[in-house]
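Both complexes below contain subunit A, partnered by subunit B and then by subunit C.
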Partner chain A sequence: MKRFVIFLACAAALAAALLLPSLGAGRFVIVMLTQLAIMATFAMSYNVNLGQTGLLSFGHAVYLGAGVFASLYLITAIGEGTVPLPLEFVPLGGALAGFILAAIFGLVSVRRAGVTFAMISLGLAELFVAAAMLFPSVFGGEQGVSTDRMVDYSLTGMGYGRPQEIYMLVLVWAVFSVAAMVFLSRTPLGRLANAVRDNPQRVEYLGYTPYWIRFAQFCIAGTFAGVAGSLFALTYEIANAEVLGLRTSANVLIATYLGGITYVLGPVVGALVVTLLEINLARLTEAWLFYYGLLFIAIILFAPRGLTGILMDTPDAVRRAGWGGLAKALLRWVPVVFLIAAGSVILVELCYHLSNSFDPREPLKLFWTEVNAQSWTPWTVGAVMSISGLAWLAVNRRNAAPRRAQKGGTS
Partner chain B sequence: MSVLSIKGLHKNFGAAKIIQGIDLEIEEGEFHAIIGPNGAGKSTLFNLISGQFAPSSGAVTLHGSRISGLRPYQINRMGLSRSFQVSNIFANMSVFENLRCALMWSRNVGYCFWRFASRCGDIDARTDSLLEEIGLTARKTDMAGNLSYAEQRALEVGMTIAGGASVLLFDEPTAGMNHHEVETFAAFLRKIAKGRTVMMVEHDMNVVFSLADRISVLVYGQIIATGKPEDIRANPAVKEAYLGADA
Partner chain C sequence: MDTFIFVLVNGLLYGMLLFMLSSGLTLIFSLMGVLNFAHASFYMLGAYFAYQLASFGSFWLGLILAPLLVGCLGAAIERFGLRIVHKHGHVAELLFTFGLAYLIEELVRLIWGRQPVPYRIPESLDFTLFSVSGIDYSAYRAFMLLIAVAMFISVLLLLKRTRVGLMVQAALSHPDVLWAMGHNVPRLFMLVFGGGVALAGLAGVIGGNYLVTEPGMAQQMGTILFVIVVFGGLGSLLGAFLASLIIGITQTLMVTMDGTLTDLITSLGGAAPHATGMFREIWTIAPANLAPVFPYLLLVILLIVRPRGLLGTRES
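So, the complex of A and B:
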């Protein structure tokens, strides 16, 4: 039953992704979907390391970057006629670049998992970023490297100039990559990777070398990160060394975690949420990164298996408590969460307005009204709302505990 | 010829001499129990044989080839498998997946990533029959970490025998079980041991004396006696060192 629902959801999402352009979706939606497809591929590749193999990497952007720059040069070379490759196959170049870099870095970093691996990944990432800064002739310095994807050499005869066309190309590669990584998780290597994640010592007593399992997974993760990089290059046609940096690495970690690292398709859910937040929340408020961070902390604390975990637990919760029980729990918790959230939003927006706006005396647009950030009233309202909500939580903490355990589960 | 032969084995951790010269021959098909007081070096001995540590000096040979100094996966591939005192399973995977991972190497699956695990030969069928053998068929799809303690011990032993190893090392297989569970488990171990060579560290003397063909007594890193259960029971040195004078 659960499986059937998941299958239906995947099919519906895929159909929507395919049909939206022809249903006359605007440019904005297309650009957003393209970004989502790239992010989903990247986050899935990240979770081949993190969720599947237990390798917490702080430098996954490096392999994305390898794919980005390799593809930028490859597209230019195709345009100049020096490389006879249809534009549709550019991601193969990105995959190769990601694979080679992961194979080199993997040899020195996957001997141990845990903190050792995390620290080495961080060091290698910094090293690579520093090296990129030193070679502006390759990475283009501040202004970056750019290319033109209209190379007049494609399999389908499409020019790929319009966002709809490049979206279709990106979507095909993204769906293929995600499917390949889901398949990987069901192969012997994928299962052994889960075993290494849980208990490397035991794996060694079953005839396998944890090192090779980690190495293979690490290379595959790098390969698909390279594909994501190619899709990035095809879409934006420009990049500088910033794309390799810690910001990108942290972003994919957060997206993957939000989605849920214990589920194969969790990173896709995470990519969806993060892309929607990035694009839509950023248009609403300057403080969007702050809210993004708050959401991340909330997920880590209260739902360590991510948004997918909450979705997957809902049927069990309904079975246990019934629809009435669920409604009762929601009625109990939604108002207080809303109270705290709304109160904090008011306070955060007031702070941002006072410190960042051109003239703090100007009225601040807040929800449906306008308020004066220099008067006491909005501050009082925000403080009362969040403090009363938090106080209610503190008083009812004992009742909160079982709910939290049920949502979080063990992982 | 003996299947497993240990000659002049020493292991020091810094100045601490944990294993001080062990010589032992394990015969084909025998059930050999190692007993001894806490801290005698029983677990260290198992770690030396199975490849967790390299010995400071001395040699271990399996079927005539030297295995001391090799890595655990190399020794496992040569047909020696061990279980652990504390259940050492894959807690976030199903019972079925635990066993299937345990038998993959012996079915020549290797590091395959181009085929569904369920399409790799007959490993699914073999996993099912192994589940039957260890009595966990009803728990097939449950997370291994959610099993009861005794069930985890059964899974632990199941993973140890999954690869078809001919020599098994059991490290306190019944540790932490209640009296009833121990009885059932001892019968299970007797069944498992048929046709295989087994070495077992165990504290429960009822289990030891009912299962073992021969017993070695390890005290302060040395074997003070080896022999049939009745000889060990009658041995005055053993009585003094381990069983207590009135045993």
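So, the complex of A and C:
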């Protein structure tokens, strides 16, 4: 039953993604969907490391970047006619670049998993970024490397100039990559990777070498990150060395973890949420990165299996407590959480307005009303809301624990 | 020669500053198995707190109160955050501190803005202590060195001579036995976390006005810090000390050196190479440009030659 619902949801999402452009969706939606497809591919490739093999990497952006720059040069070369490759196959070049770099870096970094690997990945990434800054002739320095995807040589004869056209190309490659990664996770290699993640010693006793299994997975992750990089290059046609940096690596880590690393398609969910947040929250508030970080911390603390985990647990929670019981529990907790959240949002926005806006005396638009950030009233309202909510939580914490258990992790 | 000594002293100072951070980081790691990603963020918080306190009262108020505040904050985060995540394993802990670093950086932007804040050296220490062959040595640098050495000695004494230090040493190898003997090991963890973080805060107080106090300072310092603890061998205090000094001194030395590959070739009597095509910068890169790359290069080379680090005893 659960399986059927998931299958149905996937099919519906895919159909929607395919049909939206022909149904006359706006340019904004198309651009967002393209971004989502790239992010989903990238996050899925990241999860080959983190979720499947237990390799926490802080430098995954490097492989994305390898794909980006390789593809930028490749597209230019195709445009000049020096490389006889249809534009549709540019992601193969990105994949090759990602694979080569992952194979080189993987040899020195996958000896151990866990914290050591994480630190080495960070060091290698920093090395690569710092070195990239030294070579503006390759990475373009501040203004970056740019290209033009309007080349004459393509398989379908299409021009890929318009956002709808490039969206279809990106979508095809993204779906293919995600499907390939799902397939790879079910092969013996994928299963062995899971075993290496959980207990490398035992895998060694079985006669396999964890080092090479990790290495293989690392290369797969790098390859698909390269594909994601290619899609990035095809869409935006420009990039500078910033794309290799820690910000990008952090972003993909957060997206993957938000979605849920223990589920095969969890990163896709994470990519969806993060892309939506990035585009919509950033238009609403300047402090969106702060809320984003807060959400990440909350997920780590209270729902280590991510948003997909919460979704998957809901049917069980309904079965256990019944619709009525669930509604009662929600009614009991949601208003308080909402009160704290609203109070904190007021405080954060006021803070931000006071320290970062051009003129702090200007009225701030907050929850459909205009307030003066320099008067005491809004500060008091925000503080009272969040403190009273927190106090209520602290008082009711003792009977909160059993109730949360009853709700079955939906909290 | 005089310049060389000055550079050496400055490098030593930078190395000691790095050690103030890496000592706490490595102690926390060897005790709790948590590589605190947010360690440099507490360094940043120390600098910002000191700036705020200095604008209220004086620098000296900040010097005493800011590390204490940072330490209390760290202890609270250990008690109410890290301890909850602990049961999900080390990777979850690392992720938690990573999220924390992200959040603290945004928080600092939220409260103090995106631009650097004018956190200045106190006037009472803003004079030239001595000058040799035309180069001035400021009193504040001497003061920083003094604080760093004093901190080094007191941490050493604390670990070797006091009861708490003995407990920490015991907990390093056998926390279970210590727990069974009736000592409160979780509280010890909290104290060490708070203490290590307070040291980072102190480094921020004296380093923030020497360098720059800005929201990017944590990330800048953080990555070098990880290089140091991995380079010195994860969990080795002496290794962290050596690595801090090596990286501090070499990085400072490199900044003062000039000369490029082109210079080298022409001085050897060869013709200057044609700088064209990709990677043409390789002929004109000076050691000063290489200074930011150098720690990472050192790390990668060491990891290939000796994966457990300079003085590390285990690999993970």
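Methods note: the second predicted complex is superposed on the first by the 401 of 411 C-alpha atoms of A that agree within 3 Å, B and C clash if a C-alpha of one lies under 4 Å from a C-alpha of the other, contacts with A are read in each partner's own complex, and residues count from 1 in each chain.
Everything that follows uses one rule, which is that a residue touches a chain if its C-beta (ideal position, glycine included) is under 8 Å from a C-beta of that chain, and two chains touch if they have at least 3 such contacts.
Here the structure is a predicted model, which means the values were calculated and not measured.
Annotation for the three-chain superposition on subunit A: subunit B and subunit C fit side by side. In the superposed model, A:Leu189 makes contact with subunit B only, not with subunit C.
Comparing subunit B with subunit C, more residues of subunit A are touched by C.
By the touch criterion stated above, A:Thr262 is placed in contact with subunit B alone, subunit C being left untouched. Once the two complexes are laid over each other on the shared chain, residue contacts for A:Ala216 go to subunit B alone; subunit C is not touched.
In the superposition on chain A, no contact is made by A:Ala132 with either subunit B or subunit C.
In the superposed model, A:Leu206 lies in contact with subunit B only, and not with subunit C.
In the overlay built on the shared chain, the residue A:Asp198 is in contact with subunit B alone; subunit C does not reach it.
Taking the Cα centre of subunit A as vertex, the centres of subunit B and subunit C in the superposed model span 80°, given to the nearest 10. Of the two partner chains placed by the overlay, only subunit C lies in contact with A:Ile300; subunit B stays clear of it. When the two structures are aligned on the shared chain, A:Phe290 is found in touch with subunit C, with no touch to subunit B. Note on the superposed arrangement: subunit B and subunit C approach each other to a least C-alpha distance of 12 Å.
Those residues of subunit A that touch subunit C in the complex are listed here as 54, 56, 58, 108-109, 111-116, 118-120, 122-124, 126-127, 130-131, 133-138, 246, 250, 253-254, 257, 287, 289-290, 293-294, 296-297, 300-301, 304, 348, 351-352, 355-356.
If you check the complex, the residues on subunit B that touch subunit A are 50, 71-73, 76-77, 81-82, 84, 88-93, 97-98, 100-102, 104-106, 109-118, 120, 145, 159, 162-163. Every residue of subunit C that touches subunit A in the complex is listed here, in rising order: 29, 33, 35, 81, 84-85, 88, 90-92, 94-96, 98-100, 102-103, 106-107, 109-114, 219, 223, 226-227, 229-230, 234, 277-282, 285, 289-290, 292-293, 296-297, 299-300, 303-304, 307, 315-316.
Those residues of subunit A that touch subunit B in the shared complex are 183-184, 186-192, 194-195, 197-199, 201-209, 212-213, 216, 220, 262, 410-411.
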